[in-house]
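Both of the next two complexes hold chain A, though its partner changes from chain B to chain C.
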Partner chain A sequence: MTILSPTSIDEAVAALADPAIQVLAGGTDFMVEVNAGHRRPDKVLSLRHIPELRTWEQLPARDDPAHVRLGATVTYTDMLQPDLAQLLPALAHAARTVGSPQIRNAGTIGGNLATASPAGDTLPVLAALEAVVEVASPLGVRDIPVATFITGPKRTALSPGELIVAVRLPLLDGHQEFRKIGVRNAMVIAVASLALAVDTRTRTVRCALGSVGPGPIRATEAEEWLAGTIDWDRPAATTEAPDLAYFGRLVAGAAQPIDDHRGTAAYRRHAIGVLAERAAAQAFGAGSAA
Partner chain B sequence: MSGTVGAPVSRIEGLSKVTGEARYAADFPLAGLAHGWIVQSTIARGRVESVDAGAALQMPGVLAVVTATNAMRLQDVDDGELLVLQDQQVHYRGQTVALVVGDTLEQARAAADGLPVEYQAEPHDVLLSASHPRLFAPDHVNPNLPTDTLTGDVEAGLAGAAVTVDHTYSTPAEHNNPMEPHATTAFWDGDRLTVYDSNQGATRVHQALVRLFGLEDSAVRVVSEHVGGGFGSKGGARSQAVLAAMAARMLGRPIRVVLSRKQLFSLVGYRTPTIQRVRLGSDRGGRLVALDHQVVEQTSTVYEFAEQTAVFSRVMYATPNLSTSHRLVALDVPTPRWMRAPGEAPGSFAVESAMDELAEACGVDPIELRIRNEPVTEPEGGRPFSSRNLIACLREGASRFRWAERDPRPGTRRDGQWLMGTGVAASTYPARSAPSTASVSAQEDGSFIVRLTAADIGTGARTALTQVAADELQVPMDKVEVRIGDSDFGPAMIAGGSMGMASWGWVVVKACRQLIADIDRCGGVPDDGLVARADTADDIAAQADLVRHSFGAQFAEVRVDVDTGEIRVPRLLGVFAAGRIVNAKTARSQLIGGMTMGLSMALFEESLMDAEFGDYLNHDFAGYHIAANADVQRIDATWIDEEDDQLNPLGVKGIGEIGIVGTAAAIANAVYHATGQRQRHLPIRPDRVLSP
Partner chain C sequence: MTDPYSLTVNGTDHQVVDAWLGESLLYVLRERLGLPGSKAGCEQGECGSCSVIVDGSLECACLILAAAAVGCDITTVEGLQPGRGDFTTVQEAFIAEGAVQCGFCTPGLVVALTDLLARVPHPSDLEVREAISGNLCRCTGYGRILAAAQAAAKAASDE
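== the complex of A and B ==
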């Protein structure tokens, strides 16, 4: 087995011209597949020694709104650092629920995206924030919105030879959160997860669901209903609380859950509605943040 | 000099373990070592038609492909799981059908992964049900107990009872999953076999290898100095030891075979799923007039293992009419075996849940209900108890847990999204001793060496035995070296059945007393030292016919999310009466470890049978959930001072298993108290909380 360890993105992209090469970031999905016999790499391209991929920056507000650009090998532990967590609170919430400290130190956002597990914890956050994935190949760089990047369970729009180099997320003003249900308190794959982001400038609500469908699902009908119900001009705490249970039902209606050994479809649909109602209550209920 | 027995002594080998110096079975470097990798069947029933080793043998580093056609012939033993590669029959999915040996582990594994195996498959039968047409009554249940018992007339008792409870409870298959997987490094020196093996008792592995390979006792040595847990799954020899020894013989090289986590799910045993019907009849005050406990469980077609699930009912509560029964079906599944507190762990879940239901039905406090049903002698058989302090445990626990302040009404305490509740359950486990041998030698320099084939599977046994020997010899602990885990030291009990200390401690005490007498007689330690040997076989045979059991009370507090059904366990308390405690630190670890495993059993652990393929489908830690640190919040174990001079010279009862007994029932009872919904099936998953 050959292991390439380039130190720049250009070198890495050039190496990807070889169709047999497989990208390795933190290895927390990759090595599990190797151990299970589902993946037999002959050539591995390790991203570990490419410093550019491990950095993040706040892009000046030349675009509207301002963005944060996360390199593909930014880890969960990085997402939990105060400066980044403050800019992207829902992403930090999600990162906090991932695996164990060891997994959070090794696992990366690029790996979570490329794996595209229906239970990937950053995916609902990225979907809710309408993040954009930057992908590079010898042909150049292209942007893929998360909504089209994930094409199905463990399937992405990534073509052979393409490398995820970064993810761009908008900076929103308004409450954000991530919630997850699993059977135990840590080291657990989500049975249902949900991200909610409020954008007070555009007066929109974004809500995306995880583990209840083939990929992250946007609950657009529920989002629009909630945005239309809220009195955006007055602090939520002083207005009559909107019917958040109805919001929960709309969200549950958007889910496409299946039965598996982690939970029944009926339980997942019920649970996602509960998460939605609770997230909305946090955002807009009495004493809420918005 | 004051003794060390009872003190919270840190484990002696702790430093060598955390620095990596301690060697486990797969850690021994040997010149010329080769590695074996097991190939498992992909059908659940049928025959291996052929194994095409051609391509594998061409792969780099591959030394051999051992199959039923070329495997060394073994002598017959009564455990079919050990007669590995002796015929073409496939009894369950995951059974060993070949061993690929390579210079490196990776080479062996790469060849094993692609090895073409052709099967003649037959339809399989892998699902346990209470109405299975092939249910039968085994001759006896583990270890050698009656299958069924009957005292009085249970049907008449139930018919005349003022209050009855009649429910079916179930527990799933659960896998032991010790931290260290089963592993063996084997080599031959002429006709003498040495194995470094991960097990709970080198004596039993030694016996198995002696028989299988037709050797003299003295021609086999099993070394197991450090072992990373077993929970029953290493109670006897497992097939990796046989494969390593066989391949080493065939190839004339040292061979190591280590199981993967996934392989543990089919090759080393697990806890049978159980379906248990419990019927209780009582007067209005909750005094039992009848108890019936009927168990249905599974075994494999390779080896009959009948778990003693209903024996819990034979000792717990006074009732004039008592019956217990076990029915078994042999399915095309891996062989279930011991898993921490086999029998008592699942049995107590059913009976202690039913007792809570009876308390509710009678309007009697669950602790008071148990006190009202306290027997004077063993309910089944009538023999006296050597000591029985269940009530003391319940009372001590009640006061520590502030049980008196509890409002018995279910489903009434709410804190935001959480419903809160508390529950209690009783526990018990037999306290037995088994014959063992040991030697103690006095060295010239005033130090002592104790040798016995005990096992320290992470329990602290080595440390506790050092305390025992030091006290007997009246020297500080650093003057005593206890060497264990070597079959050359002579036969001894395994670390199993909570019998380790009660068996090894006894023989160590006996050997030390013998040595002191010898030293006195010689007027000191002669220049070439002095050795005393002891064997407890006669002492144990001469024991009075009493019922010897430890008892305990388990208390749990839970919070249940009213909308999602998620359960948290903020508090667990166990109070135990387990005779003398030799080491307060390692004993506490054993007890809270058992309770944590009980919490895990209550909420998480469940091996799911894939009916189509006939395999446990969640065979890794991503799918098989064990409690994580974050799941265990306030957990405490304590014990009452219990003196019992009818046990063994140390007065110990054993603590390895009682911690898991009753925990799941205490949690299920607390969930009922929180929600008003009874949970009769483990694990108590969130979806079951919402729709039981």
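== the complex of A and C ==
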């Protein structure tokens, strides 16, 4: 039984040549499984001591549009630091709702992606922003769009021996937000969640739903309807606000919820429609910020 | 069995021998290093009773793989005391305000509030509530815990 704690990404990737090695980041999902006896690690690759995995950078538009590249072990607390939060407000909103200070200090974006829980709070944001996951293995590197990265509940397109190295998120001009419903404000797994991002340059709206399907769901019909209804020349001053209740109904229609111990499918469908209406009101309604 | 490894806890290096790789920092602190101050409540990060400070950041010891914490600077509730028998400002405030009932959650809360006051010397009530949102008190004595937090902040600024 061994543990490897490399200090560089290259060393970590080389260690993945061993198919039995298990990747450990913040441990907030991994150790819950170990403590409950559901996971028995024999070989562990700890990412804790790789500083370059916990950095982020803002990249100007060149070949790609302007974006932020977040290392895989950037924590929720990191996402809440003002410099990063102002670039990616919906991601910061989502991070603020995760667990507790202890969980936000340890839990990472790479871990949230790899766990791929239907309730993972960053996932609707990453889906709405059409983020790209950078993956590396001893065989090379590849980019996987989030939409194809999550293949089902707790299932991803990661092959054995692949490490999430970074996530790239585009920088958009326009209002962004994340909303989540659960039984309390802290330490709660989402019963329904929603990310909304307005892109004033392309005059589009992106809306993705969490906890109401096997993975994050894009509400494309609702997005197109809303983008076609609002007054893009005066988005903040829209006097006759578009029928946001109709937007809520379209979003609810896109959900694929199930009954479970946290809520019924019917409640989830209702709740996601309410979240959508409120998010759109914040973005485009009277007194909005957009 | 893993190879022996060394953990730096409260400024002292401790050897850990004959351990299983899957052991959490909480288990190692309590069962191998004789530091039972961090409490084993839920062992799934929900209760905060095992809160420790690792490289300056508040985390649950139950969610840290002990062998992965080699090279980290770990502070437990035992390490907050300047000397044996002395209480910290936060601990004094807990006693004075009657913020201890059964006592099980107390070490985790003391660590969490010590972490908060180091970053935010004069927290609002809301900041205190958010800072301890990951620490459960099953006796539900939150009113006095909130009072103790404010008393500790005041005592620290009076010092």
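Just so we're on the same page, the second predicted complex is superposed on the first by the 285 of 290 C-alpha atoms of A that agree within 3 Å, B and C clash if a C-alpha of one lies under 4 Å from a C-alpha of the other, contacts with A are read in each partner's own complex, and residues count from 1 in each chain.
Just so it is clear, a residue touches a chain if its C-beta (ideal position, glycine included) is under 8 Å from a C-beta of that chain, and two chains touch if they have at least 3 such contacts.
Please read all numbers here as calculations on a predicted model, not as lab measurements.
When the two structures are aligned on the shared chain, A:3 is found in touch with chain C, with no touch to chain B.
In the superposition on chain A, A:191 contacts chain B only, with no contact to chain C. Contacts of A:263 after superposition on the shared chain: chain B is touched, whereas chain C is not. When the two structures are aligned on the shared chain, A:24 is found in touch with chain C, with no touch to chain B. Of the two partner chains, chain B and chain C are each touched by A:32.
Shared-chain residue A:49: touches chain C; no touch with chain B. Comparing chain B with chain C, more residues of chain A are touched by C. In the superposed model, A:106 makes contact with chain C only, not with chain B. Where the contact sets of chain A with chain B and with chain C meet, they give residues 32, 35-36, 185-187. Residues of chain C touching chain A in their complex: 1-3, 20-22, 24, 43-46, 48, 51, 57-60, 62-65, 67-72, 112, 115, 130-131, 133-135. Taken in their complex, chain B has these residues touching chain A: 113, 260, 262, 417, 563-566, 568, 603-604, 608, 617-618, 620, 622-623, 625, 627-631, 685-687, 690-691. The part of chain A that touches chain C in the complex is made up of residues 1-3, 5, 24, 26-28, 30-32, 34-36, 39-42, 44, 46, 48-49, 77, 99-103, 105-106, 185-187. In the complex of the two chains, the chain A residues touching chain B come out as 32, 35-37, 181, 183-189, 191, 261, 263-264, 266-267, 270-271, 274-275, 278.
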